Every structure is written in structure tokens, then in C-alpha cells.
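In what follows, chain A forms one complex with chain B and a second complex with chain C.
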Partner chain A sequence: MTLRSRCLMLAAALGLSLALAPAAAAQDPRLEARVDGRTRAQLAPILDSARRAGLPLEPLIDKALEGDSKGAPRQRIVAAVRALAGTLGVARDALGRGASEPEIVAAADAIEAGIPPRQVEVLRHLLLSRPITVPLAVLADLVARGVPPDTAAYAVLNLARVQAADAQFVGLRIDVERDIGSGIAPATAIAVRSEASVRDVETRRAESRSAVPGQETPPTP
Partner chain B sequence: MRHARLALVGGALLAAAPALAAGAQVVSIIDAGTGTVRAANAQATTAITLTPSVRRERPTSLLAASGTISFLESGRAASQGEIEGSFFSGARGPVRAELSGGAIGALHENRARTGEYHGRARLHILGGGRGVWLGAGGGRAWDSDAWRTSLAADIGAWARLGAVTVTGSFTRIAVQGVGYIPDPEPPLASGDGLYSDPLVAPLRSFHDALGSARWTRGPLELDVFAGARRDAGLQAVEEWLGASGTLWLTGNFAVVATAGGYPSDIEQQLPSGRYATIGIRVATRQPLAPRGAPVVARPLASDFQVIPGADSTRLIRMHVPGARKVELMGDFTDWRAVELDRTGVDRWEVRVPLRAGAHRLNIRIDDGEWGVPPGVTAITDDFSGVVGVLIVQ
Partner chain C sequence: MSDFDGEAEFIESVARELRAPVVLTPALDERVMSDVRGAPYGASDGAPRRRFWLVRPVTLRVSPLGGLLAAAGIAAVAVLGTMAAGGGGDGGATAAVAATPAPAIRELPTVAPVANATGPQQVSFVFLAPEASNVSLVGEFNDWDAAATPLARVDARGVWTVTLPLRPGRYLYMFVVDGTEWAPDPAAPVAPDDGFGVPNSVVTVGGRST
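On to the complex of A and B.
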């Protein structure tokens, strides 16, 4: 084999791999099985670009499958996946490189709901040592229930400052949901419940600090 | 200018659709067509009609608004706007209550304005693909000359028979001060028991009997209807019937043909007429084939629960009285519909893998629209529908 023919083969192989690279990203078996070829062809560069940027692909595939299951037209599916890829990028930047996939997805939901990325960043810094999927999900949920984004962020960040547990974030959401259901304005509900939740966290912490292990508290006269 | 305003209102209705969509199924439609219309005692005229409409549907409410502008052969235009809303109570056994209200305003070819507003309460008894209702209501109408009060009581029934849904109703309407109605001929005089002055005229009764049938199969929808009105005072009978066919060529585009007659409007004092039209329909999505059954008849889910299991799976359970099939799909099923199992009276459940975090999901009852389970936060999805966001600890 001459040098010239080797170079030609190498160039052909390189060209083929470049041509097939975007398609490979879209070769998820679920997409192959359920999404038509033209849609997959338009999704391929988006997925490929997301993969190169280190973004999780699963939420993007998931969005395409959702659109397909709901009978959405191709253009709408592609637009939704493209928009989500953009939001995931913003979410990942706000959370930092070490963020898990559920965190990035939850942050993207919060950002999409209207929470500024800067607030996501603050939340990340307040709860550095643990996953913040649940607080982020609660944040997005509160906004979806009608709480103004800045008020929701203020409430969740306040709870994060006192290192509330996930169950306490969820408790805040349940309380606000109940209040809204009984006719209280979302902004009022969050204002009242947020303060009470922070107090509750601090009280519990103070009680656990003052309790001596193995010793019962004497009854109050 | 007035017509342009109405058209703008129609456009605004369509533009408002996404805002209305939170937690609901919203369909925006524009119908454009041409045809002939012949009002009683008048010559047939050709018209080009544009009808934007928006319909927002939730399990406990329905809001529909539409506007119509017709460009007539005479060079003039006529327009009409309409809004209608209903609230439904939860189910108490087979019984649900409905409270509804609406308003209509019209600007006619001769520049006359008419309009009305009305309210109604109904009690529905539902079960097994059929139902009956009993209702009463009232309203006020403006016939471009005077206000009139009307009272109505109705009883009706519907039944789903395979692909066909039939509905029948009987309504008694009492209208204060009904004067001259230009149909039937000859024009009636006050000596016949009619009064042109609504202030001195007594209540006058009409009995309406209506029947309709809707057949749907795939992209094709066919409707037929017939009605008869008996004027209790004059012993006169007015009859009308019509049919329409809609063929959905894609999920957003359909061809619509209609023909038939419509009765006189006794409240607004408008004459009866006949029409034949053909047109196109562009929709944000194909409306759920309503199968003729009233919205109130659709089964409602309640008591949605997510119960942790010993492994990483969770049991999803809900109550859906009267349902034949309940399905669920979400990111945890790769958005494939999974059927729930009936495990008791009206109790449905399924075990799914559900890890901690936020999940998106939809439920569907009896092959209806994909909706959101009760108690789960509903947000708009990216596909003109809604999706629930479930937080799992």
C-alpha cells in the first residue's frame, strides 16, 4: 500500500467519523425505537453539542420522548430539547462542575420557573456539603404554585442558611400548598410559613444541643 | 372599526392561550370558511367568516371564548363575541353539581346591537357512560330596543353507545315581553296575543326539544342535531336540523363542512335561518374528541398517593370513580404509558421505579387528555399541555 493510498484511507476514515459523530449522540436506543428519523437527525447536533459541553443527555432524551409520547410535531420537540439544553447549561454553570444530574435538572426547572441563576449559585454555596436537589425542586414548585420567584428564593435561602433538612424544605412546601388551598395569597402564605419554618429549625437545633444523651428531661412543674 | 375591535379581541384570546394554560388543557382554534346564510324572510347571502376561539378545560372548570366576524356580500360585516364558563363540584357518589354563566354580544349587518347574559345551575347524575341532568337558570337579553328577562328549566340525558354519543334534552323557557319575531310568517300582531312593549307583556312560554348525536372515528368527527320548539301561546311549532363533519388532516389542521338550520333567538329577538359552509380549521392541537359527553361526565382522580416500597420502587395509588382505564407516564417510565391496575372499588395502583428528586408525570383517564394528578403541582409543558412535578424525598 502506497503512502498516498494510506493517506487517502486515513482521510476517508476521518471524514466518515466526522460525518457519523453527531448521529452517534442521537443513537439512544429509545430514540431509535420511538422517534422518527428526521427528528433524530435534527436532535443529533443538539445532543452532540450537549455531550461535548459535559451536560447530562438523559434529560434531553427524556424531553424528546415526552414530546413524542404527547404527539408533538417535530419542530416543537426539537425546539423544546434545544431550549432545555440551553437552560441545563446555565444551571450547570450556576451549580459548578461537580453538580449531579438530578441537581442540574432541578436547577434548570427552577431557572425556567423564573429563579435567577445567581440565587441557585447562592443556594449551592449555602448547602455545599450535600445535594440540593430537593431544595431546588421545592423552589420551582413554590413558583409554580404562584409564589413570586424572588419571594420563593428568599424563603428557601433563609431555610438553607439555618441548614434545614430536606424534609423541612418539603414541609414548607406542604404548608404553603395547604394555605394556598384554603384561600391565602401565595405571597402571604410563604412569608408566614417561611418565618415559622426557620424558627422551627432553630428551636429543634437548640433542643437537640441542650439534651444530654441518656438523661431524661425532668418534668416541668 | 367595531368589527376590527372584535377581531382584535379574538386575536387576544389566542395570544392569551399560553397564559391560561397553567394547570389546564387549552386549545386555540381559528376557523375560516365561506358559505351561504339565509335568515328567515330574507334573501340568501354569501359570507366569508373568521372565527377565533379558545377553550380552557380543567377537571373542575371549563372556560370557552370565541369571536366571529362575517364579511357579507353586501360589503358590510357582522360580528359576535361569546364567553361561557362552568364550574363543577367534586363527585358525591354519582352526583356532581355545575354552575355556569356566560355572555354574548353581537353587532349585526344593519348596525343593530344585541346581547345577553345568563346563569344556570345543574345537577348531574353520572355513571357507566351515561348520565342525566336537571337544571334551571335565567338571564337578561337586549334586543337593540329593550331588555327582556328569561327563565329556563331543563332536563336532559346522554349516553355513549360505542363510537356514538347521543344527547337529548327538553327545555322550558319563559321570556318576558316577547314581541314580534320575524318568523314564522306572517308577521304577528299584538291581537294574536303578542306584545311589542316588554314592560306590559306577560311571561310567554316556549318548549324546546333537542336531540344530537356525535360519531368519532380516528380523524373524522360527524355531528347531527335536530330540534323543535313549541310556542305554548300560539300553539306554533318551529323545527330545525343540521349536520357537520370535521376531518383532521394533521393534528393541527382540519377541513370542516356544515349545513342546516338554526332556530330563532327568542331572547334577543333574532330570526331563524339556514346555512351551508365549508372551511378550514387551524388549532394549536386537535381537541380531545369529546365523544359528545359533557365535560362534567369525565371521571376525576382523587386521593393521589406515592407510597415508598422496600426497594427503590414506589406504589402510586389513586381513586378514580367510574373510570374504565387509568394510565400514567413520566420520566421514570421513559414517557411510555403504563396502565394502573384496579385493586378495589375505584382504586387504581401501579408500582414504578422512582428515585428521590423531582419527577415529571401525567395521568390519563379513559383515553382522555393527559392531565396532572390531584395535589401535584401542574406546570405547562413544552407541548401545549400540562405536566405534573412530583417531589420525591
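On to the complex of A and C.
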């Protein structure tokens, strides 16, 4: 076999795999088992486009399965999957190219909840050196509990500014949930708890600094 | 000599007396031991005879294989006990509680703040549906498959429940009553529009994600 024919065969194989890739995205066994062929055909270009953009496919497949399970008509399923793909793209853009799939999904949840993408971007920059899946999930949860999106964002960004740990974000969410459960208005609960959480983070940090020899906290003026 | 000096001398003389070794005659040891040997064993303090076997040392002869089997059995019991307790420790069970048509339980789906846990946690879902014939749980954790996670009716008042392991994360879910009626969890947060006009409930399993 000549070098030219080898190159031709390689190019043909590459072309074939590229041509079949869109179909492969829509050929998830779960979709094949539960979603009718016409819906799958309409989902295929959306899934293919998402795959090429580097977006996570699992939430999109899950959305299609959810729609099918709820008995939604085909056009509604396709529209819901398309809308989610758009949100995932916005989330990924807000997070930057290095974002992990869980981060993209969590950011999309937060954006769907009403958090402006710009706030997601700010959160990313405040916590550059670590995953921000947990703070994003807390953000979406707070809004789901009835905290206004801008207030929730303000609280989470304040915690991020003092480099709070994931457990402290989760703690804020639990405290607010508990307060709301006991009858306190969501906006009041987040206002009180947010301030307390920030103080707690700063206090703990000061204590840990003073526990290390040579790193005493500077005296308060 | 002052009063203080006199007092110090008195204390010193008492201390000298106390420090002096007590000389016991060899006959004392023998007398005590003969009394001990003569006492009725196991009932000398008047305790019931039944207690005797509880305090008697017992020698067990176990082959290496038998020892391994016994250790495996103990470990299995410990694991089953932990699972029955809902994971225990920081990863305690999460309860997502729902009710229909009128919720009688209004507990929040609280989640333990397990900052370093990445493994699955036992999450319990409870639903009140006195008239229902069957109830199932559908959500992102089971591909929204209404046949995948049925709830079990646990009492005559119509309390349905199921517990399943979930990895830390945020999940959307709903209940399906009698295969047709989709019901959100009234005690849980509601996610924004799902695109299909049926709002989902949200449960967040605490932990550090990536």
C-alpha cells in the first residue's frame, strides 16, 4: 500500500468518524430506549453542537428524559433541551475555559435561578484557585428557598471575598434554611446570617493566625 | 522560737511518724490468704449464685478460619448497623419530606454539612398520600424513571418512604402518585421553571464537589 493510499484511508476514516459523531451524541442508550425517533432526530444537532462546544451532555440528556417522563410534547422537549444548552454555554463563558463540568452545571443552575452571569464571573475571580461548585450550588439553593437573587449573590460574594471554605458556604445555607423554616423572612434570614458568617470566617482566621508563632494578628488601631 | 517554728516542728514530727515503714508479721499474710481460700468462691459477698458464670473466665478455642469468619461476621453486623442508622456520623440521613394533599409534616429537607465527604450519603424521602396505591420517586438520580424507585408504605396513615444513596450534589426530583399525578415536595425548595410547566423540588446533599 502506497503512502498516498494510506493517507486517503486515514482521511476517509477521520471523515466518517466526524460524520457519525453527531448521531453518536443522540444515540445515548437511555434516549434510544425512551425517546421516540423523531424527537431524537431533533435533539441530535443540539447535542452535537453542545459536544463540539465542550459543554456537558449529561444535563441535556437528563432534560430530554425528564420531558419524556413528564409526557411533554416533542417540541417542548426540544425547546427545553435547547434552552438548557444555551444556559450551559452562558455559564461556561462566565466561568472561563478551564471550568469543570460540575462547575458549569452548578453555574447554569444559578443562572436559571436568576443570578446574573456577571455575578458568576465575579465569584470565579474571587475564588480563582479552587472549584466553585459548592458556592454556586449554595447560591442556587438560597434563591430556591425564596431569597432574592441579588441578595443571595451579595451574601455569597461577601463570603467569597473572605475566602470562606466550602463548609462555611454550606453552613450559611443550612442556617438560612433553618431560619426560614422557623418563620423568618428569607431576606431577613440571609441578611443576618451572611454578616455572622463573614464575621465567623474572619474570627477563625485570626485565631488560627495567632496560634502560629510569629504570625500574631496586628493590634487593632 | 516563734509560734510558726513550733508548728513546723510539730508537722515534721507527724510526717516522720507517717513515713515510718509499717512492719507486718509473716503470719499476717498467711492468715489473710487462709481466710480467702476458705471463703465460698463466687458467693462470699452474698450475691446470687446465678451471677457466678458471668464473671467466670472462659477459654475459647477458635481455629484461624473460625476466627476469620467471626471477624467477618462482626464487621458485617457493624456495616449493616451503620446503614440502618442512615450512614451515621457526619453523613447522617437526609430527610426530604413531602405531603399531599395537605402536608402534615413540615420538616425541611435538611442536609448535614459534610465538607469533606465525597461518597454517597443515605437520603430518605418521605411522602404522605393516604389515598395512593403506589408512589414513586423520580429525579436526576434515576433518569426520571418512574419505575426505578418505588416508595414503600410504612403505616396506615399513608406515609410512604424510600432511602437511597446519593453522592454530594444538587438534585431535582418529584413524586409520582399512582403513575399519573406528579407532585413536588411542598417542604423542599422549588427549582425554577423546568421547561415543562411542572416545577421540581430540589435536594442538596452536602459535601465538597469538584
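We adopt the following convention: the second predicted complex is superposed on the first by the 189 of 221 C-alpha atoms of A that agree within 3 Å, B and C clash if a C-alpha of one lies under 4 Å from a C-alpha of the other, contacts with A are read in each partner's own complex, and residues count from 1 in each chain.
In this section, a residue touches a chain if its C-beta (ideal position, glycine included) is under 8 Å from a C-beta of that chain, and two chains touch if they have at least 3 such contacts.
Quick caveat: nothing in here was measured; it's all calculated off a predicted structure.
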#### Entry: Combined model on chain A where chain B meets chain C, clash or fit
clash
### Task
Please work out whether A:R178 is in contact with chain B alone, chain C alone, both, or neither, and reply first, second, both or neither.
second
### Query
Of the two partner chains, chain B (first) and chain C (second), which one does A:E32 touch, if any: first, second, both, or neither?
neither
### Query
Does chain B (first) or chain C (second) touch A:E195, or do both, or does neither?
neither
### Message
Per the contact definition in the header, classify A:V134: touching chain B only (first), chain C only (second), both, or neither.
### Response
both
### Query
Counting only touches as set out at the top, which of chain B and chain C does A:D150 meet: first, second, both, neither?
neither
### Message
One more residue to check, A:E207. First (chain B), second (chain C), both or neither?
### Response
neither
### Message
Quick check on the superposed pair: does A:G114 touch chain B, chain C, both, or neither? Answer first, second, both or neither.
### Response
second
## Note on the structure
Clashing with chain C: of 8-16, 116-124 or 296-304, the chain B stretch 296-304
#### Entry: Intersection of the chain A residues that touch chain B with those that touch chain C
30, 62-63, 65-70, 72, 76-77, 79-80, 83-84, 102, 106, 109, 113, 133-134, 137, 140-141, 144-145, 166-167, 170, 173, 177
### Query
Can you list the chain A residues touching chain B in their complex?
30, 59, 62-63, 65-73, 76-77, 79-80, 83-84, 102, 105-106, 109, 113, 133-134, 136-138, 140-141, 144-145, 166-167, 170, 173, 177
### Message
Which residues of chain B touch chain A once you look at their complex with the stated criterion?
### Response
251-252, 329, 331, 334-337, 355-358, 360, 370, 375, 377-379, 381-385, 387, 389, 391, 393
### Task
In the complex, go through chain A and note every residue touching chain C.
30, 62-63, 65-70, 72, 76-77, 79-80, 83-84, 100, 102, 106, 109, 112-114, 131, 133-134, 137, 140-141, 143-146, 165-167, 170-171, 173-174, 177-178, 180-181
### Message
Looking at the complex, which residues from chain C come into contact with chain A?
### Response
106-108, 110-111, 113, 115, 138, 140, 143-146, 169-170, 172, 182, 189-196, 198, 202, 204, 206, 208-210
